[in-house]
């Protein structure tokens, strides 16, 4: 039972655990070697800037998924918060409008979380509902138009965010990296962060361990909506405008990346870093298709295949696991003997 | 050993808890001294689990007062209960499968260095805890990668590791092998000697007589009596639990044995069991005895068609059934009552009648139309026959007590009118009354000409029911014992003996 | 003992009440909306609400949604949440039917239905046999089939009358949506009613339905009862794919064009109808008639809001809020009856 | 977990070292044509006026009418929706652009130039548009690289950045959104790459950073369509004091949403005051939802509803037609923006009264042609509009076969 040598299955398990990093390196090396103008600082910065929004969204979303829930409202929350931040900026300035917008994000998460834990509606359903409400609210606030920054020096903030501060790293990317590191250490190295895993793994265990499960769940939804809000606001600041459907594409992107990254829908597994690396990998792949001059159809096809493959693989692996659970290794050794004995 | 001098660890005065439809605990007084093992027994639904859940802080709406170490406390949440030093080992495993053993062991109290978790310390602590239950596993392994009995030990280590002053164990041995049970008893003794109060819930009376100092019996949501273990006999306990004399059961009738209904030849599922040969005749009850993990349930699953055999043949009433699906085998009258009634046996969220009829849906149709009313008469009869309570067929199965659920599960397989019925732990975790009904039904089934296989870890049950007992060990049949050779001692010895294959 | 029996009869009564509520619950909500409409009409805020024409409009408008939901409900009932591959199944079967129209109308229909069933079968096998997460897998499937459409037809949208000169085939195709029996009942409405009736029959009156219920509420138990759960789940997906294909044909016929964007939004809308209709995501509870009720509630709600002159944007807010409210009430009632499975 | 941190560290090191190594990445490659003059001469000889679109119309046709631009009111947003000047900033965006840092024409001729052509997303319209662009590009021997961000703003931004990285001779862009176009245009402008915006009108500010804008004058078209609409309404309801109409709007979030509802609203307020707006709704581009909406309108307004103005002539128009047919309301006048096959078919069979002529091929072609003109050193106006025309049953046959 103990100190087993590293056998093949164990190696496979490790490969499985780090598959997203392997995928990342494979894509990175492939693109660097073959895609024209891929491997230069400008392009890499572009990739980092492009993933910033979805990476920010993926952080909170992954936490919700680790808890065993789903938050489909992230895209709309991002738009909603961005619109609030920019609409209010005209009258109260950034100093107030951004905190208000983030508070709006917190509120969305709070409502989602409370509906899930108190009214006990499935999160899938709750967030479909909030998604619809947020869309209506966003459109109502803007009257159907996109919102731009206003003031004397409109571009100051967006220029600051998008110009490299360190080599290759504009503040927006640095911020994103900070968020990622912060979240990573939060979920791996703090009690509260580990509680997300425990809760996703087995709600009963967490509850019996004296963890306030409702508070943990609500906090996950709050984190998700808050990060969505932050991501949306930063994106809008960088583009110096908020459009009404800017977050729309993010949802499916973030969902697929999180799954590909290895966070399981059943909860308790995965990590925020993995989701972000998955987003980065997908983005490199997309950039590659653009650089090779391929159309969207290729991109959609490839990402669909990757997602399908990953889901299928995981399902198959757990199917296999279940079938061989409880097999006795000493009996397996007899099989050869048995086969020799019984002529077929 | 005398424990009074160590003082009262727990005193519950007039506690009660009411569910929407029933009163689960009714004005119960209960005391446990520090440094004693206090057994709590009663039929299913007698209220002992509810009482213990109350202690663990699962309810915030119980009535009455609870004193822990002579201090009045209000146990309204698990964390409050924990803070007063109450630890609980649950009957159903409550570990988070995808999470590492270490984090499960130390859930909610991971060692910290400043804000962050101290990983090295966590691993070291986890290793130490695992050692207390005699496990040497990598603490970073996820729980889903270890076996069920290892997980049960981890669960015990987890609770013991919180150093509770009151430890509640709810059927802790149900998933353990004999060696592991012995180890657990050692642990319990050690803990008791450190002055811990241990509340031990079990249906397994011999265990209680081995380790308990005192015993409290509950019936119908009330406490019946609390006695020192020396002052009471097994029969008296049973009598208190069910309110009737033990003499009424434990008698074996003999009846004629007919033709072979089930023949298994050289059956193997690689890695689980190999080269199984067996014949079961009409009117015969064959017991299969073995430790958990011996491959008993897997064998049953292959015979009934849930899993595929890698080798060998199965013949049912002269007809080879290897190529048939489980549904077809069920149609021919082969049934398998699983050991896990909650996950595999019953659909707890749907109605009783649908549960009873679930295996005979294809038989009940008229043309392409199926209506559960077609089988309602049969369902009603079965409910009466097995004295399932409540009798209202529209209730969901989940609302029933454990014993009644088990009877319901038996009713489901009785409904197929079985030629061969395999019962896997037919009376695990059920009260004496239900057990009696189940045993009577099994015997009646045999009397009426069915072949019955009983897989059980409950040795008295096997001794009482079986015409023959087959000993299974590590995937092989090692010994067959006739009725006259069978006794609890001989079975135990056989199940634990290494035999060359 | 007496006490327990006492409380038991009480539980029995709530149970009977809940049984009634379970079957008519959503129709109570529909009735509420009808009453609201009548009230508003009585006060004079809206007019012509209680007219045959208006009520027909409402059912006509939700016919396509009803068709999709009637099939997808089987998936929800089997405990697998929802079929997120609905949008591209609609698009793909639509495109395939238009593409095959050159070989004649019936060939096109058969081809599209075959194509839809194939998608359902793949979903069913992966989810049924390998137990892939149903939402994520069908989402992946949605992507893959979208990828196939985009790969094969690039950005083209294809028109029936350009694909073929067969005027009769084009006319027949055009009439899938536009045909009206006795000039009143539109074909999609008839199809919806047929599919709902068939669905209700299958779910409640066939061995398959009973086994699906068991599978939906306790999959492992179903397996250990000898039910071929893999087959049962796969057929639920095939049924869903079939009705989705029917809807896909009608939508394509209505828009006279096969394009990759046809069917967008039908996934979430169908889930909404199913859940309002009283099905719980945990599986094994609800009925197709209830889903029809959910669909009608959505239609009524949209109708009243437009008649009131509420703007598109505010409608979204109200729709979302009512959705959460209805589901929340449903969850609460179930829980108060000790059925904690919302 | 430590391994993960190490892995992250590794990735960071990799990326930073890349940055140091390739810091020269996005710098200019510089012009290469030494024989610019000869190239210019050859370029000027290319005649693109003979090119035809798929519908048989000339591919390149400039709008004859030069709009008369009114003076901008102090605060247009304070005006009522019905005042045409309320929409001044959208309608006349860019005519008075204060051009900033616009690169001068190299006057080296269009032949052999590399142009990156970024559209908004995949759609049959886009395919036709790219096709038209390609026709002109082929005539000049221009290398055209077409990119589509699939309606995703982040991806469009990325494509723009990649174009900056690639340094084409010219960037042609359909901005996904009017307001974010400012930042996009500014970025391209600062990188020193010539930029022409086309098709969708951005905000006025974005025009400052682009050489020019080409495309349809959506507001102008809609005003024209509104007049045709009003004339028909009057003809069908002689002497009516009130003509109730309703708008099926475009999806919110872009200039078409405003141009295709408030354009006609403000036009009709002056041209035909008896036309009353009953309701405006945006059901999206789905036939069945539009059908429900229109059915509900017919219930609500009954005979008061005389006309419907739709933002889309395919799915929306089909939904409207179905609803009207069901209610037996042949009297309702329906007009729609767009130039799709379905729209033209519906004009032919009479279920639509009029649609706008919006040449998709011409849109792309004009953009490339304008780029070529710039390379050829021609003076360019601040905006170049496509021709405006309203298609009715009379001349619909001239526009077959449809472009998409």
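Observations on the model:
Each chain carries a letter (A, B, C and D) given by its place in the written order, and its residues are counted from 1.
One rule holds for everything that comes next: a contact is a pair of C-beta atoms (placed from the backbone, for glycine too) under 8 Å apart; a residue touches a chain by one contact, two chains touch by 3 or more.
All values derive from a computational prediction rather than experimental measurement.
Common neighbours of subunit C and subunit D (chains touching each): A. Farthest chain from subunit C, judged by C-alpha centroids: B. Interface comparison, B-C against A-C: more C-beta pairs in contact at A-C. Mean C-alpha position of subunit B lies 42 Å from that of subunit C. Subunit B and subunit D have Cα centroids lying 72 Å from one another. Centre to centre, using the average C-alpha position, subunit A and subunit C are separated by 30 Å. Rounded to a whole number, the gap between the C-alpha centres of subunit A and subunit B is 42 angstrom.
Residue positions 119 of subunit B are each in touch with at least two other chains.
In subunit A, the residues touching two or more other chains are 139, 144, 188-189, 264, 266, 295-297, 300.
Contacts with at least two other chains are made by residues 1, 122, 249, 252, 282 of subunit D.
Applying the touch definition to all chain combinations yields A-B, A-C, A-D, B-C, C-D. Across the complex, subunit D is touched by residues 46-49, 51, 53-54, 57-58, 60-62, 64, 150, 154-157, 159, 161-162, 177-178, 186, 251, 254-257, 259, 261, 264-265, 299, 302-303, 306-307, 309, 311-313 of subunit C.
Only residues 81-82, 126, 129-133, 135-137, 139-148, 150-151, 154, 268, 271-272, 275, 281, 311-321, 323-324, 327-328, 331-332, 335, 340, 342 of subunit C touch subunit A when the two sit together in their complex. Across the complex, subunit B meets subunit A through its residues 56, 77-79, 81-83, 88, 90, 94-99, 103-104, 107-110, 112, 115-117, 119, 136-138, 144, 147-148, 266, 268, 270-275, 293, 295, 298, 311, 474-475. By the touch rule above, subunit C contacts subunit B in their complex via residues 1, 3-4, 7-8, 10-12, 15-16, 19, 205-207, 209-211, 213-214, 217-218, 220-228, 282, 284-285, 336, 338-339, 341. Subunit D contributes residues 122-124, 126-127, 249, 252, 279-289, 291-293, 295-300, 302, 314-315, 318-319, 322-323, 326-327, 341-342, 345, 404 to its touches with subunit C in the complex.
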